[in-house]
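Below you'll find the structure, written out as structure tokens, and then a few comments.
Which chain is which? They are A, B, C and D, in the order written, and residues in each are numbered from 1.
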Amino acid sequence: MTVFLGTILVFLLASIIAGLFRVLRGPEPAERMLAAQLFGTAAVAILLILSRLMDTPALLDVAMVFALLAAVTLVAFVVLASRRAG
Amino acid sequence: MMFGTMPQLTPDLIYGVAGIAVFAIGLVGALCTQDRLRRVLALKLCSVGAGFLLVVAAWRGPPAAPDPVPHALVITGIVVMVSATAVALALIRRLQTLETEDDT
Amino acid sequence: MTLDPMILALFAPLFGAVAAFVLPRAAGAVGLVAVLLTCGAVLALARQVLAAGAVTLELGGWAPPMGIALRADGLGVAMLAMTAAVGLLVSVGALDALREARQRQYFWPLWLLLLTGMNGVYLGTDIFNLYVMIEVIALAAVGLTVLSGTREAVRAGLEYMYASILGALLFLMGVGFVYLQLGRLDFAGLIAAEPSAALSAALALMIVGLLLKTALFPLHFWLPAAHANATAPASALLSGLVVKAALYIFLRLTTHVPLPDEILVTLIGALGAGAVLWGGVQALRAERLKLLVAWSTVVQIGLIFIAFARAGQVGLAESWKAAALLILAHGVAKAAMFLAAGRIRDEVGHDIIRDLDRAPIRPTLAQFTFALAAISLIGLPPSLGFIGKWSLMEGAMAAGYWHWVAVTMIGTLLSVAYFSRVLAGFLRFDRVRAPLGEHQGWALADIAPLTLAISAISLGLLAAPILSFIELGYPFGAKP
Amino acid sequence: MTDPVIIFDLLLAAAVVALAVASLSVRDLFVAIVLFITFGLLSALSWVRLAAPDVALAEAAIGTGVTGALLLKTLRHLRYVSGTLDRAEALSVTPAAPVPAPVIWANAAFCGLVTLGLAVAFLGAPRSGPGFDALVAEAMPASGVDHPVTAVLLNFRAYDTLMEVVVLLAAVIAVWQIERGLSDAPAPVLGAVWEGFARLTLPAIVVVGTYLLWKGAEAPGGAFQGGAVLAAVGLLLLLSRLYVPQPSHRGVARWAFVLGTGAFAGVALLVAGGGRVAFEYPPEHAKTLILLIEGLVTISIAVTLAALFHGREPVALRSDRGRA
């Protein structure tokens, strides 16, 4: 079970690293933003698995906060990274 | 078993070395970067590096609970750093405005 | 109900800052009351220390190393007293010198927070707590630096901010290594510690961080512009008081954990010598009065580090006294000089040194104050600066370190040269072309620096009691 | 037997270091900030692996969340002021000559030397060495709370924490002093989708922030994390311009900024007046006092962080260019 969950963790982390290339390449801010959103989702998944693996239920709270912050980051990106002036 | 061949490799060792590297990268960036905004990024890297070291100092291995004092110290450090960052960024914004006003 | 004077020294300026911020119209009155309360607390504390030696207070009732203790001893109280007294006079001057409502509104809360931070440093015994305190000082000091709002001030303030944050983070990384090795953060733990690689790394990081914050050559790059472009009361606080906080931590730290190698002590002394020579040359070349005064701060800090190094490894327990005397002397004299320079600039309308002797208005009193402060900074008898320099050279000669004596002499000659550039202009009446204007008359802003300058001279006569006071409570935990 | 998750640890640590290098070396500043936010996210995950969920929460909410928003806002402001808002790339605002290769190598060498020196010192230090575990465990029953980190922050080392709140206060005073009536870069107005989103998100964030504060007494969370999550509400309101700070709100804002410092220091002073040492809470009232302090400090932190994000003091602007 530990090995199975560990493998999933590595896989999730790999998906973040793959997403980094989209951040670097762009070319549009929107693409970079969506990649960053993917990181938030993957981080929540990693936290849920770690909570099971490390036997720390408190990590569920951390995951919830990460999920909320991802929503806030999205709004910040939309408002602050847009190329238009209002 | 593949993992048995490297018995000393523990999370505190791995993240401790990574934290030191992050601190050194931030240090070099803070000393050499010309761009004002990026220097703030570099300083923030330094603070995360120092945070890594303290969190590692608190680690006691899986069954034992970690030492809470360094955790409290890092939380304090994070709040202090966001304050300093906010002031530095306000200075950067103000300076840019003053410089642009002078040019035109 | 009795309140411990240490608590009062911390909380009076803190509550003062809070009140001054929420009641901006009454900021001046609130600020003055808070500084007066701080002075009272320091006096009470001085009496306690005179009676009982060092006093400690375990905050929250939790004993160190887990809890945090405050400790006041002779040196700490001397620093507190210098800060409170200089702060009081600068405050009085600021009531008059700050003309814009906006500047007045922000000066008081920032300065009172600065005072809280400095009092915290002089009472602190816990290195992480010292890190938080130097950050309080840094943010308040940067706020004061840019109070004038000019482009140069904001640019200098930003450089100062970068240097401050980096210095503090180096210190924090050092704290991390101390915790890794010792698992505690109080000075008592550091004294008892065995030498180790982690401790050496910690010491190196913390010392570099502190040298950056106290602006020892060649890490002084941020100082001249920051101190020269602030408003006069802010410059007086920054130059007279703020750089001393990091210097004090350095002094405590290096004496608790003596540097492992004489070569390192010599190296720090050599940096001090570099500061004296380079700062002296730059002061000679400065075109503006406030810039000259700021470079003279670089010189004086170098001198303090020479005083630290003058006795080498053997006499470390003694050499801090000369350094402490120079710190006190510089604090008082430099605050006087910056306030006087601000007055000269206010009345003449500029501070270009070359044109000062042609100024239509002669701010005679401010010029006199400037000259008195210069006497103390050059180190002429009977000023406190003279006693500090004398004690430095005496020790260096006793230890056979003639090179430190030579550097000090050259530095003194340089300071005579750059101050006489200014003073000579004050005395040359023959070159007055425009008719003498109307002097604005006596003002609070004149009396404050004059009092400071006279103190800087006359405190030299009290050198013996000051010296015996700073030894009270064996400040460094070393045997007498 | 080594934990099989060690591969994950190695990969995560390598990614953290690589992101640190990348965020300093990539040309486009906007990309640099996105990489930096990712760096903060992965650092927080690393701290979770080191059994420090409190620290991870604080880093994610304050160190990465608020800091990231501040950086993006500043970048937008700089591009607006310098008239490059419509360019595809956000290049360095203070352009510099290209760095020659030898300088880069010298930097890398210096960086390597520092890392090596510190790593040697680190490896020589005791692992899982001395600390306060035993002392804290012994003092916990008298602390008034059940979560050790909260006990350290609000009781054993409350003096440090008070000064940390003071640092926040100093920062907001300094920021208000530095920025005077600057106009903001105009931002696009959020459309109808946003309203539904706001109706769903804002109450949820308030609930989570309060929950974190309450939970702090026995589990990871507390004033700083709760305050940072509540500050997110302020950020959203400011970003969407559902709330625009007015000059008449300054008085209330000042009181909100000093509320935490005042309450914290006031309680310390009151117990000192009652014949105890400052910060020494009577054990029977410790829980009440700590919750009171935490609650007020949370409000201060939330308002202060939002104000730090907003920047300038809300004074009447001479031109209304900023209020698009």
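FYI, a contact is a pair of C-beta atoms (placed from the backbone, for glycine too) under 8 Å apart; a residue touches a chain by one contact, two chains touch by 3 or more.
The structure presented is a predicted model; accordingly, all values stated were derived computationally and were not measured.
For the interfaces C-D and B-C, the C-beta contact count is higher for C-D. Taking each chain's centre as the average of its CA atoms, chain C and chain D sit 31 Å apart. A separation of 20 Å divides the Cα centre of chain A from that of chain B. Separating the centre of chain A from that of chain C, both taken as means of CA atoms, is a distance of 48 Å. The distance from the centre of chain B to the centre of chain C, with each centre set as the mean of the Cα atoms, comes to 30 Å.
Multi-chain contact residues of chain A (touching two or more other chains): 54.
Residues of chain B in contact with at least two other chains: 23, 26-27, 36, 47, 53, 56-57, 62, 67, 69-70, 73, 76, 80, 83-84, 87, 91-92, 94. Residue positions 66, 128, 132, 135, 139, 142-143, 146, 154, 157, 173, 177, 179-180, 183 of chain C each touch two or more of the other chains.
Judged by the touch criterion defined above, the protein chains form a pattern that is neither an open path, a ring nor a star, and not fully connected either.
Checking each pair of chains for touch leaves A-D, B-C, B-D, C-D. Only residues 117-118, 120-122, 124-126, 129-132, 135-136, 139, 155-160, 163-164, 166-167, 169-171, 173-174, 176-178, 180, 251, 254-255, 257-258, 261-262, 265, 268-269, 272-281 of chain D touch chain C when the two sit together in their complex. Interface residues of chain A facing chain D in the complex, by the touch rule stated above, are 2-3, 6, 9-10, 13-14, 16-17, 20, 23-24, 26-27, 29, 32-33, 35-36, 39-40, 43, 46-47, 50, 53-54, 56, 58-59, 61-62, 64-66, 68-69, 71-73, 75-86.
Considering their complex, residues 1-4, 6, 9-10, 13-14, 16-17, 20-21, 23-24, 29, 32-33, 36, 39-40, 43, 46-47, 49-52, 54-55, 58-59, 62-63, 66-67, 70-71, 74-75, 77-78, 81-82, 92-94, 96, 103, 107-108, 110-112, 114-115, 118-119, 122-123, 127-129, 131-133, 136, 148-149, 151-153, 156-157, 160-161, 164, 167-168, 170-172, 174-175, 178-180, 182, 224, 301, 305, 308-309, 311 of chain D touch chain B.
Chain C meets chain B in the complex at residues 66, 128, 131-132, 135, 138-139, 142-143, 146, 151, 154-155, 157-158, 161-162, 164-166, 168-170, 172-173, 175-177, 179-180, 183.
Across the complex, chain B meets chain D through its residues 1, 3-4, 6-7, 9-18, 20-29, 32-38, 40-42, 44-45, 47-48, 51-53, 55-62, 64-76, 78-87, 89-94, 96-97, 100.
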